[in-house]
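Got some structures for you, see below.
You will see chain A twice below: alongside chain B first, and alongside chain C after that.
Take a look at the complex of A and B:
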C-alpha cells in the first residue's frame, strides 16, 4: 500500500518536495538570482525526467486518485511546458526581487493541475482546480510595480471565483441527482433528466470559463495583457491544457450517456468561439491581447475535435495540446525576450523585426505558422487531425465552418509575418542578444514544432494511450 | 528511394542554402541543385519508359509506401504514372529556368533562393503523392513560400497581392480538406478508412457521397488553377511577384490545382459527370472573360496573368468534357502553358530589368536594341496564341477535338466559344508585340539603344524553355504516348 502511494503519486510528491526545497532556501539561504534560477531550472528538468520513469497504472483512496499512462503523459506535457516557461522567463526574473516566490507559486498551481488531472472524483477535481487557480492570481500580480498587473490579478480572481461557484453548484446538483461523486459510478447513473442536464450545463459553464470558451471569455484578453509575459504564457498553455485534459475525460467518461445533448451545445459554442476569437484577434494592437484572442480561436478548434467523441478525438486533443505547448511557447518566448529587454509589446513594434533580429524573426514566424496550421510544422497535423476527428461523426457543416475560419486566422497570423518581414520601421526593436536559457527554450520549442508533426509515432503513441475512451 | 530523391534533393539544397554566404555561393548552389534535379528527372523519365508495360500510361511505377500515422491509416505513399511524370518534368524545367533568371537578386538572396527551392519541393511532392494526405500536405507546403516571395521581393502593391493570394489559396485548401475528409470517411475500402488514392479509386465511393464532396474538392483545387470566379488572385499575384516567382507561380503552382482537379474527377467519375455542365460553363466563362480582360490591360505582366486565366480555362474545359482525348488535352495544356507562361514571364522580367517599365504604351522598337529578348518574347507570344509548331497548338487542338466528341448542344456551344477565344488571344498578343518590339524606339530611357541584350544566364533559361516548347510542338507524339499510352 505504501509503495503504491509513492509510485502512483510520484509526480505530485516530486513537485511537493521541490516546493519545500525552494521554501527552505528562501528562508535559510541567501542565494543570488542567478544561482536560484539555475537551481530551479535544474529541479524542473529533474522533475520532467523523473516523470518518465517508473510509472504504472492504479488507483488510490477509493478511486479518488487515478494514475494511468495517459494521465502520466498529460502531466509530463505540463511539466515540459513549465520547464520551457521557466527557461524563457529567466531574462525577466533575473531583475526581479522575488524569484523563489515565483517558483513556489508556479509549482503550487502545477501541483493543483496534477491532482485535477488525476482526479477520479468531482471533489478532488475541485480541490485541484482551486489549488491551481488561487496561486495563479498572485502570479498575475507579479509585476508588483505595475497597476495593470494588479488589475489583471483582480479580474482573474473574480472571474475564476465565479467559475468555481458555477462548478460547485453543478457538482452539488450532480450529487443531489445521483448520490455519488465518483466518476466510475457516475457514468452509469447519468441518464439525462432535467436536473442532470442542468447540472451538466453548470459544469460546462465552469469548464468553459477556465478554457475561455465564448461567451465566458471576457476575462481572457485583459488578464493576458496585464499579467507578466511568463504568467500569460502559463495561463494560455499550461493552465488551459490541464483543464482541457480533464474536460475531455469528464465528457467522455462521466457524461458519455448524454453525448447527444452536449454535442449540440459544443457545436454552438465552438462556432461562436472560433468566430469571436478570430474576429477580435484581427482588431488587436497589443501582441499579448492578439495571442489571447488567437488562443480563444484555437480552443474553438479543439472543441470541434471534441465533438467527434471517439478515441481519435481524445488522442487528437492531447496531441494538439502538446503541439500547442511548443508553438505558443515559441511565440511567447520571443515576446517575453523582447518585452523584458525593451518593454515593447505592440504589434507595430514588430515591424522591420527581421532586419535587426533574423533568428528571432524566424522562430516567431515558424511559431505563427504552426499556430496557423501550415505544413511542415506540427500545427498542420494537429489541426488536420482535430478537424478529421470532428468529421468522424459526419458533422461536415461544423467542419466546413471551422475549415473556412482557418482563412480568417491565417489572415491575422500572416499580418504579423508581413510586419516582421515586409514593413519598414524607423525605430525597429534593437538587435537583441539571446540569453542561453532562452536559446535553449526556443530550441526545444522549434525542435518540438518540427518533430512532433513529421514523426508519426508521437501521434501513434498518444493514440495508443487514449484507448480507454 | 528512386522517387523520394525528388523530395530529398531539394530539401538538402534548401538546408545547404541556409549555410551559404553571399550571392555567388547561394546562386551557384541553388542552380546546381536544380540542374542535378533536372538531370535526375530526365534519367527517371528514361527509366520510366523502359520499365513501363507498353501502352499502359496508368501504370504506377517507382512506388514507395510507408505507414506514417498508423491509427489513421495515413501513408507516405508515392509513385508516378504518365501524367505525373509529365508534370515532374515541367517542374524541373521551370525550376532551372527560374533560378537562372534570378541570377542577380541582391536583396536577401539566401532567403530568396531558399524559398524558391522550397516551392519546387512542394510541387514535386504534390505530383508524386498517391496518398491524399501527402498530397494535401505538399499542396500547403507550397503556399507560404509564395506569400513571402511576393510580399518581400515583389513590386507594386505587393503586400496586398501576397495577402490576397495566400488567403484565397488557403480558402482553396480549406475546401479541399472538407472534400478529403468526406472521401476518407465514405470510401468503402477493405482496409477501413484510407486516404490512399489507388484503393479509393478501386473501391468506388457511393454516388451520394461523391455528389456531396466533389464540389468541395474540385472548387478547392480549382481556386489554385484560377477557376472562375475565384481567379482574382492570379492577376494581382502574378504581376506583383518577382520574375522567378511569377514563373514558378504560373508555370508550376497553378498546375497543382489543375492536376488536383483532374485527380478528383477521375476519383469521383459519377459526380464529375453530374457536375460537368457547371464545370464547362465556368471554364468557358474563364476562357472568354480572361481573354477580354486581357485586351484591356496595359501592363505586360497583367496581360500574361489574365491570359493565364484564359489558358487555364482550357485545362478545366478539358477536364469537364471527360472524354479521354479532352483530358489528355488538359494535361498537354498544363505542360504547354507551364512552359509558355514561364517563358513569357521570363521575357517580361528581362525587359523590365532593363527598361524599368512594363507599360506597353511606354515601350517600343525593342527588337532593334535587344534582339534576343525580343525574339523570346515573340516565341512566347506565338505559342500563347496557338501557332502550329509550338506546344500551345498541340494542346489546344487536342482539347477541342476531345471536346467535340461530346454531342450535347451545351458542350458544342462551349467548344465553339472556346475556339473563338483564340481570335481574341491573337488580338491582344499581336497588339502588345507589335507595340513593344516594332515601331520607333521607346522606353529605353537615357541609355538609348545601348541597353544590353540578354546575359548568358537569361539566354540559357530561355533556351531551356524554348527547347521544351519546340520539342512538344514539333514532336508531340512522345509526350502524348507518355500521358495516354
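Take a look at the complex of A and C:
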C-alpha cells in the first residue's frame, strides 16, 4: 500500500521535493543567479528523466487519484515544456533579483496541473485547477515595477476567479443532480435533463475561460502582452495544454451520455474561435499579442478535433499539444531572447531581422511554418489528424471552414516571414549572441518540430495509449 | 415543525450568485470586484451544504467540498490583494478604468 503511494504519485512527489530544495536554498544559502539557474535546470532535467522510469497504472485514495500510461505521458509533455521554458528564460532571469521565487511559483503551478490531470474526482480537480492558476497570477506580475505587468496580473486573477466561480456553480449543480463527485460514478448517472445540461454549460464556460475559447477570450491578449515573455510562453503552452488534457478526459468519460448536445456547442464555439483568432491576429502590431491571437486560433482547431469524440480524437489532441509545445516555444524562445537583450517587442522591429541574425531568423521561420501547418514540419501532421478526427462525425461543413481558415492563417504568418527576410529596416535589431541555454532549448524545439512529424511511431504510440476513450 | 423547503434555499443561492456576477460586471473598484467574486463563491457553498443535507445526508461530500472552497478562496483573495497593492504602487489607483493601458 505504502509503495503504491510512492510509485503512483512519483511525479508529484519529485516536484514537491524540488520546490522544498529551492525554498531551503532561498532561505539558507546565498547562491549567485548563475549557480541557481544551473541547479534549477539540472533539477528540471532530473524531473523529466524520472518521469519516464518505473511507471505503472493504478488508483489511489478511493479513486481520487488515477495513474495510467496516457496520464504519465501527458505529465512528461508538460515537464518537457517546463524544461524548455526554463532554459529559454535564463537570459531574462540572470538580471532578475528573484530567481528562486520564479522557480517555486513555476513548479507550484506545474504541481497543480499534475494533480488536475490525474484527478478522478471533481474535488481534487478543482483544487488542482486553483493551484495551477493562483501562482500563475503572481508570476504574471513578476516584472514588479512595470505598469503593464501589474495590469496583466490584475486582469488574470479577476478573470480566473470569475471562471472558477462559474465552474464551481456547475460542479455544485452536478453534485445536486447526481449525489456523487467521482468521475467513474458520474459517467453512469449523467443522463441529460435540464439541470444537468445547465450544469454542463457552466462547467464548459469555466473550461473555456482557461483555454480562451472565443466568447471568453478577452483576457488573453492583454495578459500575454503585459506578462514577461517566459510567463507568456508558459501560459500559452503548458497551462493551456494541461487544461486541454483534462477537458478531453472529462468530456469523454463524465459527459459521454450527453455527447449529442455538447457536439453542437463545440461546433459553434470552434467556428467562432478560429474565425476571431485569425481575423484579430491580422491587425496586431505587438508580437506577443499576435501570438496570443494565433494561439486562440490554434485552440479553435483543437476544438474541431475534440468534436470527433473517438480514440482518434483523444490521440490527435495529445499529439497536437506535443507539437504545439515545440513550435510555439521555438517562436517564444527567439522572442524571449530579443526582448531580454533589446526590449523590442513590436512586429515592425523584426523587419530586416535576417540581415543581422540569420540563425534566429531561420528558427523563427521554421516555428511559424509549423504553427501555420506547412507540410514538412510537424504542425501539418498535427492539424491533419485534428481535422481527420473532426471529419469522423461526417460534419464536412466544420472541416471545410477549418481548412479555409488554415489558408487565412497563412496570410499573417507569412507576412511576418516576409518582414524578416525581404523588408529593409533602418534600425534593425542588433546582432545577438545566443547564450548556451537558449541554444540548447532552440535545438530541442527545432529537432522536435522536424522529428515528431516525420517519425510515425510517435503518433502510433499516443494512439495506442488512448484506447480507453 | 415546518422545515424550509430545498427550493427556497436554491433560490437564495442562485440569486446570490447572479448578484455577485452583476456586481463584478458593474463595479469599477477592484476591491469591490473581489467582494463580488467572494459572493459568487459563497453562493456555491450554500448550494453544496443544502444539497448535502436535503438530498444525500448519508455522506459528507458536499460539506467537505465547502471547506476546500473556503480555504482556496482565502488563498485567492490573499494573492489578489497583493497584486492590487502592487498595482496601486504602479498606477496610483485601483479603479479598473484608470489602470488600463492595453486595449484593442
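Keep in mind that, in the parts below, the second predicted complex is superposed on the first by the 469 of 469 C-alpha atoms of A that agree within 3 Å, B and C clash if a C-alpha of one lies under 4 Å from a C-alpha of the other, contacts with A are read in each partner's own complex, and residues count from 1 in each chain.
Just so we're on the same page, a contact is a pair of C-beta atoms (placed from the backbone, for glycine too) under 8 Å apart; a residue touches a chain by one contact, two chains touch by 3 or more.
Worth saying up front: this structure is predicted, and the values here are computed from it rather than measured.
Peer 1: What is the contact status of A:392 with respect to chain B (first) and chain C (second): first, second, both, or neither?
Peer 2: In the superposition, A:392 touches chain B alone.
Peer 1: So, does A:154 touch the first partner chain B, the second partner chain C, both, or neither?
Peer 2: After superposing on A, A:154 lies in contact with chain C but is clear of chain B.
Peer 1: Which partner does A:380 reach: the first (chain B), the second (chain C), both, or neither?
Peer 2: Once the two structures are laid over each other on A, A:380 reaches chain B alone.
Peer 1: After the superposition on A, what does A:173 contact: first (chain B), second (chain C), both or neither?
Peer 2: In the superposition, A:173 touches chain C alone.
Peer 1: Give one of first, second, both or neither to describe whether A:123 is in contact with chain B, with chain C, with both, or with none.
Peer 2: Touch status of A:123: second partner only.
Peer 1: Of all residues in chain A, which touch chain C in the complex?
Peer 2: Against chain C, the touching part of chain A is residues 123, 126-127, 130, 134-135, 137-138, 141, 144-148, 150-154, 157-158, 161-162, 165, 168-169, 171-173, 175-176, 179-181, 221-222, 225-226.
Peer 1: Inside the complex, what are the residues of chain A that reach chain B?
Peer 2: 311-312, 315, 369, 374-376, 380, 384-385, 387-388, 391-392, 394, 396, 399-400, 403-404, 406-407, 410-411, 414-415, 417-418, 421-422, 456, 459-460, 463-464
Peer 1: Mind listing the chain B positions that touch chain A in their complex?
Peer 2: Residue positions touching the partner: 67-72, 74, 133, 136-138, 140-141, 143-144, 147-148, 151-152, 158-159, 162-163, 166-167, 170-171, 173-175, 177-178, 181-182, 184-185, 212, 216.
Peer 1: Can you name the residues of chain C that touch chain A in the complex?
Peer 2: Residues 17, 20-21, 24, 30, 33-34, 37, 40-41, 43-44, 47-48, 51, 55-56, 61-62, 64-65, 68-69, 72, 75-76, 79-80, 82-84, 86-87, 90-91, 96, 99-102, 104.
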